[in-house]
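In what comes next, chain A is part of two complexes: it sits with chain B in the first one and with chain C in the second one.
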Partner chain A sequence: MSDNTTTETVTLTVDGQDVTVPKGTTILQAIDQVGTEIPHYCYHAGLSAPAMCRLCLVEVEGAPKLLPSCVTQATDGQVVHTESENAVGMRRGVLEFYLVNHPLDCPVCDQSGECKLQDYVFTEGRERGRSREPKRIFGRDDFGGDVLFYGDRCVMCTRCVRFMEEIEQKPLLTIVDRGTRSIIDTFFERGLEEAEWGGNVVDICPVGALVSKDFLHKARAWDLKHTPSVCGSCSQGCNIDLHTRDNLVHRIKPRFNADVNGHWMCDYGRGNYEWLNRSDRVEEPTFVDDGRAVQLGWDATLEALEQRLAGVTGGVKAVVSASWSNEDLGAVAKFVESLGGGEIVFRSARAEDESPLKGFPSLARRRDLVPNIKGAELLGMTRVGGDEGRGGLEGVADHDGLIVVLGDDLADQDESFGSKASLFVYLGAHTSVGASAAHFTLPVSTFAEQKGTFTNHEGIVQEFLPALEAPGSARPASYVISSLVGAPA
Partner chain B sequence: MAITVKTMHRPEPGQTSYLRAAAKGMILTLRHMLSPRTVTQQYPEEQTELSPRWRGTHRMEVHADGRPKCVACGLCPTVCPANCIRLVGGEDDQGNRYPIVFEIDEFRCIFCGMCQEVCPVEAIHLGQHFENAEYTRERFVYDLDRLMEQDHPVTLLWDPSDPAGE
Partner chain C sequence: MGYPYSHDSEVPILTKHFGEPEARTLAGWKARGGYVALEKALAMSPADVIEEVKASGLRGRGGAGFPAGIKWSFMPSEREKPHYLCCNADEAEPGTFKDRELIRWTPHQLIEGCLIAAHAIQAEHVYVYCRGEFFEATQVFARAVEEAYEAGIIGADLMGSGHTIDLTVHVGAGAYICGEETGLMNSLEGRRGEPRIKPPFPAAAGVFGMPTTVNNVETLCAVPHILANGGEWYRQWGTEKSPGTKIFCVSGHVRRPGNYEFPLGFPLSELIHDVCGGIRDDNALKAVIPGGSSVPFLSEAECRDCMLDYEGVVEAGSMLGCASVIVMDEKTDIVHQVRRMAEFYAHESCGQCTPCREGSDWVVKILRRIEDGRGTEEDLDTLMEITRQMTGTTICVLSDSVAAPVQSSIEKFRDEYLALIRRGERVGAA
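Up next is the complex of A and B:
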């Protein structure tokens, strides 16, 4: 929304409170500004409003009937009542009609706990339904991709149809049949496996009609802890919430950010969370002392490393991963600089092309499939290796000076990597064959386990918060390194 | 406080006799021997009748085809104040939601009955049962099969004819 001083504004009254909004704002958005929430299904801030759910009806003085607030523009001097007898009575009536066919299967429904119908009916619905007719039964349908459709639960808000038409612009969903038999469906053999942003229809579905197959029956919505984070699957840097329980990531949901990703995120990023739950983690700091691997805790390990660093010769070479935060990468850069400087490289997977979201031009699944490539480049690190994120370490593998590896799990390397180095320090999250020659193996946390920032492809620096507890003694890499260079990261 | 000496005046042997007290005791014993009123209960040969609202070890109700009634909705582990229920939901071959893992730690359980009260499908119940002795601690974590095997009567959390308890 542009600056209010230059835009024409209108002032209206909502439930006795005056509110000034730019001209062209709908009543629903004005109500939102007052802080009242008006129930609505078909309206979604990121989509067009067809005014078909009839839930956001409000009483406007002077109007002969209740008006759908999602499409009615606010005008000067309008007096809106959302809690009047008429408006509340209408909502109760509409909700009762929704429950004529909506099954009461909340105990087995994955949406339970974050379901709009549940919320609305608990708030102002009838205590008991009066319908004596049998409910219509559609059963469930596999929509392809990660999406499962429970037809009985659908409230026909058509958000999913409009998302596919307006935002992804690949109309794969439609309404078939008419009247009470109308239902969302795919086109014959085609399905959402053709979509690359299809997971968003699960998010915008206000009830449990569209559910994620991956998340099906996995956890209850109220058990999940939501932690604001940034997606680590490409350089777009979509704002996300990590939904965790029992120290495991259960799913990823987009978090609204008008500048980066709006309400949406891609299916690739949504599904790419299992690596955060991997159990093959480096847990304790280990170093090789007289040919023996010893674990003496952080203090003794770092002390020993400091002693070894004093006598190291032959220059420094560092390999980092662009999935680590700006703070961690900056700490490595500073560390290398304090040792006289050296080459810092990173490898990253790169897709063949971008996968843009047509209805939201600034959003795409970018080519670089790591979150912090811009941050690494700004710190003077260079990308090496192929598009699959492998290779390019020939110069490092046989280096005879100091090798520092952060985050890169050296999956394509064998035991000989770094075996000629006078000192090989592996700051890693996952155990790796490539790191078997390491003199110092120091456990570090992933981005989901620490606070930090990523720089996205446009240079926007975005913060994420710790959602999981790091295993064992793992610490953020910046803590580990800053205790070596003696400066805060 | 000043230290004082208190002299106890005990009866001399000639002044008293145990016979009176002994006779009194014997009369009491004889009266109980002849009385028809018995207090001692011959447990375990004779079982106590438990109150219908007795809250003892759990049992899981089953459908006629042997499936548990539980639909893994997750309300009982949510409401459980002792955090003694572990539940992992899943889908069976007929597409029904069911508990893959359902465990109740009867040691942690405080037998409040809230799991039974909250259950939307009347699957988990407390039982009118208290004899749970085991040889190992592990056996007190009842898994789904064990809960389904229990056959004692279930608890009535309230009197059906007087649900408000008036």
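Up next is the complex of A and C:
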């Protein structure tokens, strides 16, 4: 259409609608731009396209046969029909083929509700299959790691095999045998234990063939609430969805972000969510009045704290956790500044090495196993302690002035921590022996329970939303602190 | 000399020395005029060799019948990357046994053809992909290759030409699908024998990603004769569009089955009733599969005026394929035969494409049920529709190969299916 300036685009017609795409785009991607989804299994945006599921066949005027849209390049003036009788009929046919041997065990299948076979057959499959023949049976196989394989449900799209080959680049999965007997398998006993990114094969499996052992029969897909969030397990900041039900995180799924994590996330991050479900939470604001712990609600507690702060001497020392948001850390920084300034330290566990994803080089499980190191550093906070995330608080433990702790569970400390302080304020999510001496224990929410941002290792600031209700009276630390500092002018 | 049967009216060009053990040796082959054509070709420019083969009109003998010279001309004319020639000796189509005989009786004919073709496409390496079950043929061929290497006919500066062409014999593991040219390339590279999507075509990116041409054994065996005698000479046989001679592999219910070499355009009925001695026990002819089991059946009536060339067989209602003529007499149970063929293809499907993987197996299950007397008339409609959905919807044509015999048999022998379904009557059961 555009004949002079832009030679880099082509314009084609998809179901009567003109669409202009960069040269080299496939018809499938062009169809996507129009806003229609052409059914497909073997094609995945993050992998190579073998064009073997034969579902994305479309009619292109002038072509003698239907063409696989996932590998056919869009060209100028092409007229593509996805809804022609021929294309729709062929998709119905292919979908019927898929059901010849599929067990239709949706009632007990974890994928049910988010299954592409269900979706496609429901949308445009035959009302009834015509096969009366006995079905082929493969059974179930433990693939190792968190992955369980139900061979009978498999549609042989080979996404999992290609993920291991192309993205993780540890070819631990393969196709065994051929024809209708072909099946995905591991090599002998070498399962996915050796994989560090193996959980992704469960995500990309379009059906219930590869399922998570951890999630097995835990919840139905339609009962889960999906909340956009950021992974809290390292400084990469993978974009994720927290899947919750009954105020518990049931699983973590990666959310696409081309700049940070693509379609992927590591097994470590995926499996590290149980701490968000911990029940040993600090629930009510508590303070020590005349040697007695009292719970009088937020207003009275904060009022009391304000009075105590007025008379505090000896300088401020603060300990924070880099698992808390920029907003929370910023509030602490501001608070310390308002009290005349003082040292703010954080501790964090560090792995020995990074664990990169070879096929997606900008993604790795980073050394720092907390999400907001960069945010803390940018706020002028300093790291103390060892790589296991302990120690380094000697100077704080015996401090005789004001001690403020946010988020750090003080797991390596005993009752004596802060016992010499003139005032010890513990803003924490979990109850802790190390916080026994605290004069004020203020319940705060975790990142899963509030809105906020983390700054990843590259300095990208990413937002997360509340997925869970905070327990009891817990509230975001930034709310608590800002009511002490007063609203910024 | 045909082997084991021959006929006086044959035109033996490729098969002339079948049955002569000395022809297998280098000395024996040279005594029969061997390697003259190669010497001549090596002195010519690659483009001239291609022109000569184009002039002959030689068409690919593997089944598709694509003109060999034109196929060669698709290769880049400048050698910027290594070029490869693959000789497809994975002959596995049921009913075909010509390549095996060519290899085991005239291995030097094939070597010569390979080297001329390699020179024409400027290939530095020839891979001869032998079917895994060809134990004897492969042994004979490997010995001939060794001899030719020692004599300086293969390898560096072959025959003093200054060129280098190497030849490797690669033995497959007996998978039918590795006879598909891109499946063959995957297998050669050590991958699963799964056909590749085209484009890219082999001439652009073939084996090991390099420009590649894949030719059938019989095609390559015809090349030395064309180079020695000229393209026009080759055209004295056959038709305008299908020149030259062709080996017809006749099997089934004839008195003298075997390989017979005739000019293309030879009448099918003459081949069956005269050359092959007619039908066994003087039975009546029921059907013929003219091009290997992946092409449609021809009914008795369709056979009568069928001429065996690429166009003639299409006109009659089937395809010449690799000219493997399977003859079936009146006692043949068509349903049983079709079931066996479908089983073969279902077993050999690589399993990539859904219509082939699931469809071929489904077809087999239905046919088995019909054969067991548990079929219904709706099954025939289902079979027709399934096979229609298996035609033209996959990466390679194996899926179409399941469909062709099923569809054509239901169209042409519906009565036989119905007799079985309605009354449990089977042909030849008594």
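We adopt the following convention: the second predicted complex is superposed on the first by the 480 of 489 C-alpha atoms of A that agree within 3 Å, B and C clash if a C-alpha of one lies under 4 Å from a C-alpha of the other, contacts with A are read in each partner's own complex, and residues count from 1 in each chain.
FYI, contacts are C-beta pairs under 8 Å (C-beta built on N, C-alpha and C of every residue); 3 or more make two chains touch, one makes a residue touch a chain.
Remember, predicted model here, so these are calculated numbers, not experimental data.
The superposition on chain A brings chain B alongside chain C with room for both.
Once the two complexes are overlaid on the shared chain, A:Val345 sits clear of chain B and of chain C alike. Looking at the superposition, the partner that touches the larger set of chain A residues, chain B or chain C, turns out to be C. Of the two partner chains placed by superposition, only chain C is touched by A:Phe97; chain B is not. Looking at the shared chain after the overlay, A:Arg130 reaches chain C, while chain B stays out of its contact range.
In the superposition on chain A, A:Lys218 contacts chain B only, with no contact to chain C. In the superposition on chain A, A:Pro50 makes contact with chain C only, while chain B stays out of contact range. The gap separating chain B from chain C in the superposed three-chain model is 26 Å, by closest C-alpha atoms.
Across the interface of their complex, chain A is touched by residues 175, 177, 192-193, 197, 346-355, 357-362, 365-366, 369, 382, 385-386, 389, 392-395 of chain C. Those residues of chain B lying in contact with chain A across their complex are 71-75, 78, 89-91, 95-97, 120-121. Residues 50-55, 57, 65-66, 68, 71, 90, 93-94, 97-98, 100-101, 130-134, 136, 155-156, 175, 177-182 of chain A touch chain C in their complex. The residues of chain A lying in touch with chain B in their complex are 106-108, 112, 140, 216-220, 222-223.
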